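Several structures are given next for inspection.
Across the two complexes that follow, subunit A remains constant while its partner is subunit B and subsequently subunit C.
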Partner chain A sequence: MHNPQLNRNGELQHLLTIEGLPRDIITAILDTAVPFTEVAEREVKKLPLLRGKSVFNLFFESSTRTRTTFEIAAKRLSADVINLNITTSSTTKGETLLDTIDNLCAMQADMFVVRHASSGAPYLIAQHLSAIGRDDIHVINAGDGRHAHPTQGLLDMYTIRHYKKDFTGLTVAVVGDILHSRVARSQIHALTTLGVPEVRVIGPKTLLPAEVEKLGVHVFHDMRAGLKDVDVVMMLRLQNERMQGALLPSPQEFFKYYGLTLDKLELAKPDAIVMHPGPMNRGVEIDSAVADGPHAVILPQVTFGIAVRMAVMSILAAH
Partner chain B sequence: MNIHIKNGRLIDPANHIDGQQDVFIVEGRIAALGRAPAGFTAERTLDAAGLVVCPGLIDLSARLREPGFEYRATLESELAAAAAGGVTSLSCPPDTDPPLDEPGLVEMLKHRARSLSRSHVHPIGALTVRLAGEQLTEMAELREAGCVAFSQANTPIANTEVLLRALQYAATFGFTVWLHSRDPFLGRNGVAHDGEVATRLGLPGIPYSAETVALATTLRLARDTGVRLHVARISCADAVDMIEAARRDGLAVSCDVSINHLHLSERDIGYFSTHANLIPPLRSLRDRDVLRQALADGRIDALCSDHTPVDDDAKQLPFDEAEPGATGLELLLPLTLKWAQEMRLPLERALARVTCDAARILGLDAGTLAPGAPADICIFDPQAALRVTRDSLKSQGKNTPFLGHELPGKVVYTLVDGRVVFEAR
Partner chain C sequence: MPLPDAEQLCRQLAEQIRPHITPHAALVGIHTGGVWIAERLHRALGLPTPLGTIDPAFYRDDFHRSGLHPQLRPSDIPFDVADRPIIIVDDVLYTGRTIRAAMNELFDYGRPARIDLAVLVDRGGRELPICARFCAHVMNIPPDKNLQLEQDEQGLLTLRIIDA
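This part shows the complex of A and B:
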């Protein structure tokens, strides 16, 4: 089956998921991002790489942080940025997704940054663009349902590489609500593709997806066992709505058994780093003492995120 | 009209016939096989040299979308598809809008179908009013209006007390109840098999237990009530085992599988292909392989198309928002043949699953070419290949995971009650 995010020459046409992305493409994105981190230090934080291009932020699901970082990234590359917040649900049917896309194509878009509550929505858009002969428009998945959040996965890899230099000797734990997390899926695919020998997932059985071990991870239900000697702890956000229904009894019990506290962190390697995609629920999945402590690299993640998104946009625009 | 079908290879699984024999039709019925009856003069002769002549196919599940969903399909379009697919009898589930829960609706549907003079249409009546799982329908009245069985289509009955009463009431009159096993809560928001593919794609999953828990309940209640049960469209290996065990215990239960589940698995979702969004979900490759074997050895009684025409707008959506279902009337024969080829089954055995075995479940005098039977006949070229394209499908629904596939078998003539209702050009 043709991987829709690569063009005929095997180059990146869209960024839809990390799964199946060749290692050299991931590495090239991380390498491209390095000089972009310096742009932020300059007085004039602009590069002309996307001058004259129109980037449409299409957010069918609300998000402030991701949208803002994409907007900053695009503007630093001198693109024109148009933000569209189209919060619709499947129950309130207005214009269909593809009708929206057709209209925006007619407005001479060059790039779509898409956030959608349904897994696979960016694929539908990419396939549609191909069907209508608009392969010149690139799609970046900014988070689709539970499926993927590839730029988050990439910025996480950038952060790990920044602090740990090499992936091939690391033990990494991803902790919390794996079931509903597009971030976790993108992290797992990125880590395994980059050669991390041991990727662990830690969580209660209600928050782990079926057959998750087939993604190449080791499953732990006991957080203390799972954190033993890890180099990197990647915490996930626990959505408040997971407390309704039958997934978890209470935030307190979740925090006690799966929240990252200083004493649990002591089981990890002394130089372990702690990551979180944000926004954090302090006292639910992470203790403030950890979030604000010396192991946390949560704010550098945000800074690197802009550089990585600039890298993705500039690579796509070159193809 | 007197019709002589000559030089064909006659395959009639009901009577274990597979050989070169001519067929003679008089007044809509099979008059004789082999030699012409006394005084027979053909008004039309169909040359079936190189072709297979078999009973017309009987499809246990074909949605015609009337009433209520005429923008998706009509009786005209779907009965044309049936004829083109060699399907001469079909039963349609009650999930129309409104559902088939009133005798008047059933009579209207039957009348509309008869006026088109194509394949025989056998409605399945709703087991509960509006399929809501609360109040029983007037089953006896519905039976008189022409319903051959009762079902809930894809909607489970959440209240097991109502389910018990529905089965008891149906058993009172000896009616058959068809149930698709689906727990009302497990996997309720799911859209794909809760396995590796759903995990990778981040699609909400439907676990095996959504099927097996409901099936266990149904089998138990069927035993307690003595109702004749047909389990519609099973999807997993465990269901095959559970039904086999129930039969060993003496329960009269039959079951079917759809063409999609016989050939495809969760992997066919690929990159979120909404054509593979189906009810029940496509399961693992192992499940598919067990279903294929079970249909071959008779643990599964029949194969159906589960024909569900869906308009493009309802499919060109993100996977979890797309309408489930696939068109299938025209693929029933080719996918039966493909399964037979791949399993190295004799044609006679394979065709039984879509002719006499299906007729037995419906309680129909059909699916046989014995003299005296209605002349419902499918004549096909087993050597020819069908390329499935949007244009090749007569159904208004162009939604099938098999688009672009090349499949064996091409229908050349379809006869219903001795009338040629389809003729390939």
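This part shows the complex of A and C:
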């Protein structure tokens, strides 16, 4: 099947999901991000790659970190950035998503960074652009529903590679609310594509999607068993806002069984790294002693995220 | 076409530069061939300032035509650029677009006192008003050919002509 993210030459046209993305494209994005990390050290923190281009941040769902790091990334590439907070704009006046897109195309947009509560919204926009003959406009998924958050998955892979150098000998655990997490899906696809031999998911039955094993992961309901000898612990945020019905007795109960504490972390390898996509619920999925401790690489993740988003944008703009 | 010995040209280039070196001068090699030459010049001239390297691909004006190649190396400027005399080092001077890109990149680190250019070979074909102050060899190469510097496993430099 044709991958809607790739153009006829097999190059990246949009970034919608990590699922089905060839390994060499993922590796090329990570490699391209490396020289971008150095730009932050310069007096002038700017490269001219996207000079004269307009990047529209379309956030139909609120976000601080992702929107800000996309904005910084685009600005470091010299693009003009327009932030639209659409939860408070025209859609509340009844305009459809595709009408909004048509209007922004008429404003000479070159790239859309889209976050939407509905899975598949960025894909719908990419399809629409193709239908109206605007293959020169690129779409980046900045998180859609429960589906995917590819740049988060990529920056997590960059972080792992930075600290562990190589993926092929690692044991990685993804812990917590997998069911509601687009981050977890992108992480799992990226880890398996890059050749991580042992990917574990740890969480209560009520917060794991049905047939999660089919993604090529090992399932643990006991966190202590799942953390045994892992190299990387990827914590997830407990997504209270997406929960319907009684999936959990209480956050305190969740912390007792699935919160990452120093004594649970001792089961992992001594040089294990702890990651979290943010925002953190301290005392719910992660203890402050771990979040602020020597194993945590949560703030470097944010910094690497800028370089990785610069890499994605400049690769898309070149195609 | 007979090509000159690249190692010999490196030694000539060092002697050309030597009388003009000032105490704070710094060398910046352009990846990849320019870095090999800059390493030799840095040794031969015994400069106290550490060697800088840049990959000006991000500043090229043909980025939208040629895209990015993932083998880009981070630029490394381990000294303060402001008010320092800098010599950019490259292997082959052709259109001048790489040098323009390299100068743009250097200015993002600060305002140098001056910039000079040192190249092993000027092959003609300029598309910008750029010329090298230090140049070990001048020759004309037709536009359908590329002049390329290569380094073998022993670290020996040789010039080669390939189809463009």
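Operating definition for what follows: the second predicted complex is superposed on the first by the 309 of 319 C-alpha atoms of A that agree within 3 Å, B and C clash if a C-alpha of one lies under 4 Å from a C-alpha of the other, contacts with A are read in each partner's own complex, and residues count from 1 in each chain.
Here, a contact is a pair of C-beta atoms (placed from the backbone, for glycine too) under 8 Å apart; a residue touches a chain by one contact, two chains touch by 3 or more.
Keep in mind the model is a prediction, meaning the values are calculated, not measured.
When the two complexes are overlaid on their common chain A, residue A:Pro48 makes contact with subunit C while staying clear of subunit B.
Of the two partner chains placed around the shared chain by superposition, subunit B is the only one that A:Val212 touches, whereas subunit C remains out of contact.
Looking at the shared chain after the overlay, A:Ser314 reaches subunit C, while subunit B stays out of its contact range. Contacts of A:Asp136 after superposition: neither subunit B nor subunit C is touched. Looking at the shared chain after the overlay, A:Asp229 reaches neither subunit B nor subunit C. With both complexes placed on chain A, subunit A has more residues touched by B than by the other of subunit B and subunit C.
Judged by the touch definition given at the top, the superposed model places A:Glu253 against neither subunit B nor subunit C.
In the superposition on the C-alpha atoms of chain A, no part of subunit A is touched by subunit B in one complex and by subunit C in the other.
Those residues of subunit C that touch subunit A in the shared complex are 55, 58-59, 63-64, 66-68, 70-76, 104, 107-110. For subunit B in complex with subunit A, the touching residues are 194-196, 198-205, 207, 270-272, 313, 316-321. The part of subunit A that touches subunit C in the complex is made up of residues 27-28, 31-32, 34-35, 37-38, 42-44, 46-49, 314-315, 317-319. Here subunit A touches subunit B in the complex through residues 1, 4, 19, 90, 96-98, 116, 118-121, 123-124, 127-128, 144-148, 182, 185, 209-212, 214-215, going by the rule given at the top.
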